[in-house]
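I have a structure I would like to understand better, so I am pasting it below and will then ask my questions one at a time.
Chain nomenclature is as follows: A, B, C and D, assigned in order of appearance, with residue numbering initiated at 1 for each chain independently.
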């Protein structure tokens, strides 16, 4: 079998770094193009010493051109900021190259919502209808047919997977859903910046982006679909002094005030029993971010508060693997006719 | 002026450690008794090397007896677990020694609530009515008259201070108050324990105590008083890989859906302008735990979500200083006729 | 091909935890026995939630007996403390089961040295001559023939690999070798213990075991062999507030005071060019522990001080993978006729 | 008594931040000028929220001019990089303002050594002879007479204090002194920079500046004076994933191979018994950086290796307080006729 030739635009960020290490051990994908304006001309192994003596280390970093992509790649991963991807994707698709886009540019079905939350006009609205939201648990079949994947955001992945079973089993009210999320610092990007210096983050905790974080409409869009009704919810992110991991504490009013934890747990198990990656923890257990570090797992813990009639869902993922690069590989697998979990059944250090 | 002679029972925990360092520089208090069963017989400076060459380092650690306390102390700090304090406090009070108790034993006015949440009978119910809840911002006058202070819990301190202005200005509904709190690991105690080993905590994040954390009724009691109506609320704590600090993200429904952030901010400033320790941050700023590290400050940031009609309050304190030992010193100051902030106007490393 | 059936005695420590995650993805080894006195009776996936939905999660933890090992296993990994392994290994070998021992019990050729540094009599001295020191870069051929492997210590692995090229090329004097090592906290074990609590380790740094750390004679034994002369050296370990990784800063007097860094670097490259796991960094680059996290790599940086005529070697490994469980798998591969790096060519999160 | 009016040039770095918090509680110094090009025009409390409700918070940040300093200040702290201080100090001194300089510009007596290690010409060589090296334990009397203090470097402070007693008691050989130091990340400065981002530092350890760190000649100068002979030594710094603290592991050959640890310990105690800040730990105890956090203490632990005839000294300080801002305050106290430890007898969080 011939290798799938892939390119990666935006290698210097944490998502790009994670993708580089995943591709180095992928049995059927081969990294043939790695792009970065700032690091152009270096060997990839020179820029990322951890890649030396691994496949891909000899790729020379280049500046992105659609021509190089067309000449070399079957598929390109775009690990670039929102606003840039919508300029690159059309050219790649025209050149016959499939695209898995890490940015938000193709995640929101409603162009107006995009423009309101991202504060810029959408320049490739013609692609919005053909892009598929790349959450394999919900859209595997459509992904396999697509040419352009909108890889989900990290927070939304944790929240949507956490709520899917509750929505599908009609356990919760669409009102009053509240999501309090906590993320490791790789989620804040790799650009040198005072607030993300070690000494500004270590032994510290803070909230950010209150009432206006851009992942809010993405979560609302998908939960609205799952509940088949428009949902407005509260979303608050926080910065944890750790490298990786997202934990979302999700609060929702139970439709049936007499609902028990055991019944909720049965519903979750029914939804996720056969899933390779979503693990519903035993009753009474709560997830920890380290147990999913570097992997595709989403671990879910549940509680029911009889006093407040609320369901509390604690959902954890690795923000860089499941929440970005790993999910992108899963989507690339499907889009390329490969098994969903190819190259993704690794483990990673728990401590 | 003669020094106030104080004793400390329970020196080996983090609250006791913090109190030892605060007393070492207190201008009018002198540590004359330090008790620990396990470390009895050692010099305090031998047990805590950081105390060497500081006042108090030559105290010999002893096993607690009411007789030693009576002979030596004007006031005793009890930094012992719930259940133990209620055995010690009566004897100390009978011996004419004032008590500042760090445990929950005298915080809850309703004995039944105590027994339900703490799972043991109360053995000193006669003292419940004379104990004063030691939150100086709310009860300074009563504290000054008391002989037994129930020093507030760390989470409750952050939540009550965060909500006081909103309650007093009648901004929020008593229904649907939701508190999502995050604490550093000193809050989990200093007893050797697998889940609090460095390698189990570092680069990790988790929730704990869902729907049954014992600080819930304490918060509800005080918010009910402030709102003058019984309040049932949601409280969820999390463990942050950092030493110190609590951040509580507090969500409440606005009574007036047209309420603006500016008006809320004015109310908060009115309440706290003259306070030495509660700081309302400028509009648009959010607090960080490091900025209150090792101090008595409570920093508060505010947001109003027009989409969900919610007020979001972010409140941070240092769990060991403001949330335990420092607050105990403030209470001891008041109870001893000293200025509230004596020995507490220090700063601490921000990074 | 039939799977190699392996057992693991001592699953609850960090080395056992690391081995469990490596075996879960090893293509030809199957975990069939997992032993722990304390956790006996539990499913492995119940004890280690990170193993759920992975191979091995359904193994029931048992108490170690040679009989179970004989019935089920081709090979047993002993992840037990020094002193225990020498009681178990003889019985396993008699039962025809190969042994890879993580402890120091079979590492020192000289029984007297063992008894001096470990403070107990050796109870299986008859096995000392047949045990092979499991450092594949030095002893691959002997390992492949052995039935009992003494898996090297974590610090010694970093130091011996760091010094091998300098010794083989006769660059350094045997006198005055000084090793200043720094290790993450997983090296201190997983037993609940005050000094390894998160809050005692975080934002803190300390030395330990000065002039008497037990890895000293192990390092001296192997460097003496490499230099073909008895070597006494200085070894000082330190505890770093991080989970994983060892960095050893190694100082040695250059034999030739005119030796240049370029020549040293050429020697190192000559020794390690073909090695799959030892990476000599480009001139002027220094290694970081994160770049080898969770892997078998040993990264080496070099400096020559013209003022002091010293060679400085900075060598980093992952203490749990390369320094314990991963090296054990490599040894088990060789001993079982499998390729050295089978199941070990994974990557792990860099951040 | 009138307050001593002080200015601070360079408030945005970690040393400036530390000085701001120390001055906020200093009983006789008053911050009247705070300079920063980038933050000019802001209230100090706006820039540093931790200063709100503390003395100094209302100072308006200005751009440095000698005129403002002359008009307002008795003394100015220069927390600016090497190269800038030598341009500012002459003007301040001419204006009759005393100077405590944090940079290296006036630390090295030999202009040639400065120019070799710092790579730039010295522009104020006429001041070199009148500047006093501000280590109070060695030079208190000269400091009290000076107008220009060269505040010592952080690493040198830990090393010189660690070696003083050994030098004064003639215990060690001047040859073969080797210093392996480890520092928290605040030592790397507060400028946004990829290598000091949280995710590049956390769970990571690395060496830097091998054989060419600029603190080398500063250490050599002072140890040469103490040993009354020219000393060339090895100095290697490392970066620890923690905010604060330096630990220096210092290796030196014992002059008398029969020297015992007990005798060495007696010498150290003789030297430091009366010192307010240098603490020699009990035999067998080793220091930890957290026990000196935020303070002026230098804790020293000792070991003698009978096998290698070496003395090993482990010395810890807080790099920002003792190693920069606190030491500057101590120097400013002396230069202003105040008690050495005024405003410096605080404690700080141990955890």
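One rule holds for everything that comes next: contacts are C-beta pairs under 8 Å (C-beta built on N, C-alpha and C of every residue); 3 or more make two chains touch, one makes a residue touch a chain.
Bear in mind that the values here come from a model prediction, so they are computed numbers and not experimental data.
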Would you mind naming the chains that touch subunit C and likewise touch subunit D?
-> A, B
Chain pair showing more contacts of the two, B-C and A-B | A-B
Please work out the Cα centroid separation of subunit A and subunit C, and write it as a whole number of Å.
-> 36
Rounded to the nearest whole Å, what is the centre-to-centre distance of subunit B and subunit C, using the mean of the C-alpha atoms as each centre?
-> 46
Between subunit A and subunit B, what is the separation of their C-alpha centroids in Å?
-> 39
Multi-partner residues of subunit C (each touching 2 or more other chains) | 14, 184, 186, 199-200, 202-203, 241-244, 287-288, 290, 293, 351
Spell out the residues on subunit A that touch subunit B in their complex, using ranges where they run on.
-> 176, 178, 180, 182, 184, 199-200, 202-208, 210-211, 232-234, 236, 238, 240-245, 247, 249, 251, 286-290, 293, 301, 303-308, 310, 312, 314, 316, 351
Tell me, which parts of subunit D touch subunit A in their complex?
-> 14, 184-186, 190, 192-194, 196-203, 241-243
Which part of subunit A faces subunit C closely enough to touch in the complex?
-> 14, 17-18, 21-22, 24-25, 46, 48-50, 52-54, 186, 202-203, 243-244, 276-277, 279, 281-282, 285, 287-288, 290-294, 297, 299, 318, 320-321, 345-351
